[in-house]
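One chain, chain A, appears in both complexes that follow, with chain B as partner in the first and chain C in the second.
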Partner chain A sequence: MAQANQQTETSDSGGIDLSKSSTRELLAGVTFSLPYLVIAGLFLFGPLLLALYMSLHDWNALEPGQSEFIGFENYQILLSDPEFWNALWNTVYFVVLTVPPIVIGSLLLALGVNRDVKGQWFLRTVFFSPYVLTVAVVGLLWADIFNASGLIPYYVGGGNWLNSHSLAMPALAIATIWWQLAFNFIILLAARQNVSDRLYEAAKLDGASTWRMMRDITIPQMQNPLIFVVIVTFVGSFQVFGQPFIMTDGGPSFSTTTIVLYLYDTAFTGRDFGYAAAVGYVLFMILIAVSATSYYFLSGDRE
Partner chain B sequence: MSESTNDPASVTFDSVRKVYLDDFVAVNGFDAEIEDGEFITVVGPSGSGKSTLLRMIAGLEEISDGDIRIGDDSIKGVEPQDRGIAMVFQNYALYPHMTVRKNMSYGLKLTTDLPDDEIERRVSETAEMMGIEDQLDDKPANLSGGQQQRVATGRAIVRDPKIFLMDEPLSNLDAKLKVHMRTELQRLQEELGTTTIYVTHDQHEALTMSDRIIVLDGGELQQFAPPDTVYNEPANRFVADFIGSPAMNFFDVELGGTTLVGDGFEYDVPPAIIDTILGNEAKSGLELGIRPEDITYDAAGDNTISAVVDVLEVAGSDNFVYLDIEGTECRVRVPGDVKPTVGDRTEIGFDPDDMHLFDVRTGENLLAESKGKRAARKADTEGAEEAA
Partner chain C sequence: MSTKSTTVRDSLTITDERLRTIALYVGLYGTAALFLIPYWYMFATSFMTRDLVYSEVPHLIPWDVTLYWYEYLLANSLIGMWTVNTLILAGVTTVVVLIIDAMIAYSLTRLEWPGRRVIFAVIVASFMVPGIVNLVPVYIIVSELGLVNSMWGVVLPSAANPLGVFMLVQFFKDIPEELEEAARLDGFSRLRVFTHIVLPLMRSALAALGLFIFIWTWNAFVWPLLILQSETMYTLPIGLVTLQDNLGVTEPGVIMTSAVIASTPLLIVFLVMQKHLVRAVEMQGTTK
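What follows is the complex of A and B.
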């Protein structure tokens, strides 16, 4: 009996040890995640909740405590606000002009540079270099190029593109494509280099043409990086701000006013922070919808 | 397969040479004739050119010089898919995003005008043969290593090729599965009768699986012969050293009269061997080779060599004793119940018919040819004694 008791005690103490070790593991996990949780809490979830809170108020920036709760009134106004709709359509136009060329262009560049061409290192550097520039530099550089006396009007015509109602947005799009291609190019190049050469060899023996290899091996094997690139490019283009802010200031006659630029103007020029927060929230919802849709369509099982 | 459209084909290598862009010669002046239906293994150390050889047949590498013929036709300028070959890669190279079914049918869809139901029938038949019929709708990532290997082999079989090319197809499997798949591949090859060229760095695979072995080193053919010939009558020192585990023992020796003199030992050799040595004009600069299993531990008689036990390696049914003969290591295979103590002094001996003698300058095995005859003679004598 005494022996049996002893055994029970031993197994009990074993149990305590186990729970101690799992507590320690949990503690270690939380401790290591803490820096991220704090930063994300402070700079991501905090502002997200604060913006939602602001969007439901007639926000008083000087004395936030005096802000009046108005429910969804900001959202109701927004739906019938022609300036908001103009900004939304401008943004969609910009997205249409930039996302396909950036994604397809970076894919083609990545596939091209991946081939055994001479000067591969040089080409990679050349294609990546625009990405290291800030939006201010890119904006000023391209503003000069599209200027009435700039390179593009000189060779292509059209006068000062940035003053043209129809050409200003394409001008912003061109500058953006040139600037943003690099980031996607590097990601897709890395993705392509991760595809095993053996798969191409197997496909070659199976009789696949270059086009079939692209369709049946390259694209499916690069599916996840491609989804990432598409979503990141969508998000980036929907959030465009720096280029119109620096190159056109939303003009001429609001033809390049994008959602974020409109949000900025509403908040910092019009001092209507509650309304601007509502605009921000609508953009947030659009981005979630676009990302989810892209993911849904691109990650579809090809079998 | 039951309705074979492609008959097995012979493969002829005619002074084949492969030089890479950086002037590295991977294969140099390679000549060989592989008969139809043969199972050939190509064996050699890393960088010996064995995979390059296979990839040239497949059409994945250009032939720099010389020619390769499948049947009577040169493969130069023929697209890989039109050469009548199918290949199993070392890491299988299964298309990860395709199901097993699609992996297996992909080549047939691209290269034949077979109707879908015929392709489906062939895939099912092959899958059944390979025991993967339940995995047809799975993707490679959901399969075990052994199953992936079967899919890769099935993908090759379903093409009904004239020649199978296999590039170390079992090297990613664990030891037990490797042995199992080895016999399975042999059985398949016998059933299908398809000419098979199998590249491996595993000499054990080479010895157990093939009709003939090609031994390569530095891009050059060292020996092309059946497994027992390669093992018992190695053409040169490289083959002798590369084939066999543990490796053959080597001792630097010189011929003094009727005796081979090495560091710390003398060994009397029969007149027939002396004649062969003298005929080759290589009295000095000789290397004596003897396999661990051909040495008698604790030998009696006067033609023995004195040695000290250095290490004992217990390996179950057999043990390996590492002996020291005046600074030269000598490995001896002994039965599992022989367990000498380190430091023991012993005498070892061997039958002169089992020894090999290499010319140090050329590496050539001076006794290779005569050894075959002697082995036959020995077998005859033993047979006669038994009969008596």
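What follows is the complex of A and C.
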């Protein structure tokens, strides 16, 4: 090892041979990677293992060393826990209310703005702007709009939406759609602009209708960004936390308690860290399954 | 006969086209108006007198303009301090992320060492890990390190950003290696090549990524909520939410004004640097 090092030293000092894959190169490579790897190990990969470990224990928050190994008991409890199932169904409901409008809405707006419209810059700015808002502002602002004396009950009706069993979740969904459309809109607008104009010119010469061009050119050409957008929106909506935390606190009577809100309460109010870690892992598995399924169905690659 | 039928068809398609254009404009500008109402409501309410804010009918136009809520907030809350905290936190995180992401991206693309491909694959895979799964264990680790209620307790867990590495690696592939090789031949050390040649070349990519990280951190909610526990440490998003709780009743005037204060800096940054931000978002969409 020391010898190899010396050898490269000499060849390097020759100034001509920048021999790669030398010990020096390895040393430099590792040194430049080290800060990232240490931090990722400590706060990304390590915790992933720790979460698994914790989920198999009756975790003792005060004396972690005293935690008792209980195998999959946390997972078993979870599967028969009505509060978990309630949170899961609430989350699924939220996903159903938000993902289709966000994906379809952002696609329509992107295709519309891409056309030769006046005020393109203005429209793009307006649709993109909610992207820079924090969930705290979005939540507080919309909570006020949906409140008993707010704009929506006054002009649309329904009383205080956030106190209503049936309207609280749609209220969270509307706020979320307004907020989350922006990111997808920009991705899809860029994707649409990348589709070659020639394809449309050729199709027009063949007398293809707008609808045909949409179905046979636009959508297939934008397939990858669309898959990306669908998966990102699914993953984001499944992890919804700030909106119910701020706007409804999971109420009325737990009708807007989502999985992450449930996880948060279990961990940091109930101090049941092992169980909360199990909830996190189940959510992780759900997200992998949902991403894989969307990819499978949207990519058309079903081998 | 034939000419007549074509003119009829032409006029038909023209009106058809015109109808479509009208529908397009109505749809786009109608949606834009709906998008703007919440903003308008937020700004308008922050300037309304108490009478208007609390009247039976919700008002959209501040007939009576006042700065009362702004004065009230500045005098009765720590919002100025929270703004400074947020600025420092977002600034520090951005610098840290840019440095360590640029370093590893350089190492993965420009230095040849065994194992770098595996490491890159692992980093790419770590995109898929939702932050929420790690909420509990990272909290445990942060508290073991004694970093609860400290700025570093918020900065460090978000310092290793796989997205940033990915974006910078893509970017590195597009810049020519010759300059660096020439510098190496001139006897520059790795570190000097990195700081004097590579970083300046990457300025635009770093600006886009930095803007993205800055906004992301400014707006971060779950993590600061968990880690920052004393009122003097809060960032704006956390302060805003506690403001609602501390006042007991929801005071729309106070809440909307605090929302204006928290979002205006970023909205201005957004208007000025929209191009860079669009680029940062596009880079994500095309890289994944």
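Details
Heads up, the rule we're going with is that the second predicted complex is superposed on the first by the 260 of 303 C-alpha atoms of A that agree within 3 Å, B and C clash if a C-alpha of one lies under 4 Å from a C-alpha of the other, contacts with A are read in each partner's own complex, and residues count from 1 in each chain.
The rule we apply is simple: a residue touches a chain if its C-beta (ideal position, glycine included) is under 8 Å from a C-beta of that chain, and two chains touch if they have at least 3 such contacts.
Computed from a predicted model, the values in this text were never measured in an experiment.
In the three-chain model built by superposing on chain A, chain B and chain C fit together without any clash.
In the superposed pair of complexes, A:96 makes contact with neither chain B nor chain C. In the superposition on chain A, A:140 contacts chain C only, with no contact to chain B.
Using the contact criterion defined above for the overlaid structures, shared-chain residue A:104 touches neither chain B nor chain C, since it reaches no partner.
By the document's definition of touching, neither partner reaches A:214: not chain B, not chain C.
Within the superposed three-chain model, A:292 lies out of touch with both chain B and chain C [touch as defined at top]. In the superposed model, A:51 lies in contact with chain C only, and not with chain B.
In the superposition on chain A, A:196 makes contact with chain B only, not with chain C.
Of the two partner chains placed around the shared chain by superposition, chain B is the only one that A:206 touches, whereas chain C remains out of contact.
For chain A, the partner touching the most residues, choosing from chain B and chain C, is C.
Looking at the shared chain after the overlay, A:148 reaches neither chain B nor chain C.
Measuring only between alpha carbons, the smallest separation of chain B from chain C in this overlay is 6 Å. The intersection of chain A residues touching chain B with those touching chain C, taken from the two complexes, is empty.
Interface residues of chain A, counted against chain C in their complex, comprise 15-16, 18, 20-21, 25-26, 28-33, 35-37, 39-40, 42-48, 50-51, 54, 64, 108-109, 112-113, 115, 117, 119, 122-123, 125-137, 139-145, 147, 149-151, 154, 178, 183, 186-187, 190-191, 225, 228-229, 235, 238-239, 241-242, 246, 260, 263-264, 267-268, 273, 276-277, 280-281, 283-284, 287-288, 291.
Only residues 58-60, 79-81, 85-87, 89, 91, 93-99, 102, 106-107, 110-111 of chain B touch chain A when the two sit together in their complex. Per the touch definition, chain C reaches chain A in the complex via residues 24-25, 27-29, 31-32, 35-39, 41-42, 45, 56-58, 60, 99-101, 103-104, 106-108, 111-114, 116, 119, 122-123, 126, 128-141, 156-157, 159-160, 162, 165, 181, 184-185, 187, 190, 194, 215, 218-222, 226, 236-238, 240-241, 244, 250, 252, 255-256, 258-259, 262-263, 266-267, 269-271, 274, 277-278, 281-282, 284-286, 288. Partner chain B is touched in their complex by these residues of chain A: 196, 198-199, 201-208, 212, 216-217, 220-221, 223, 302-303.
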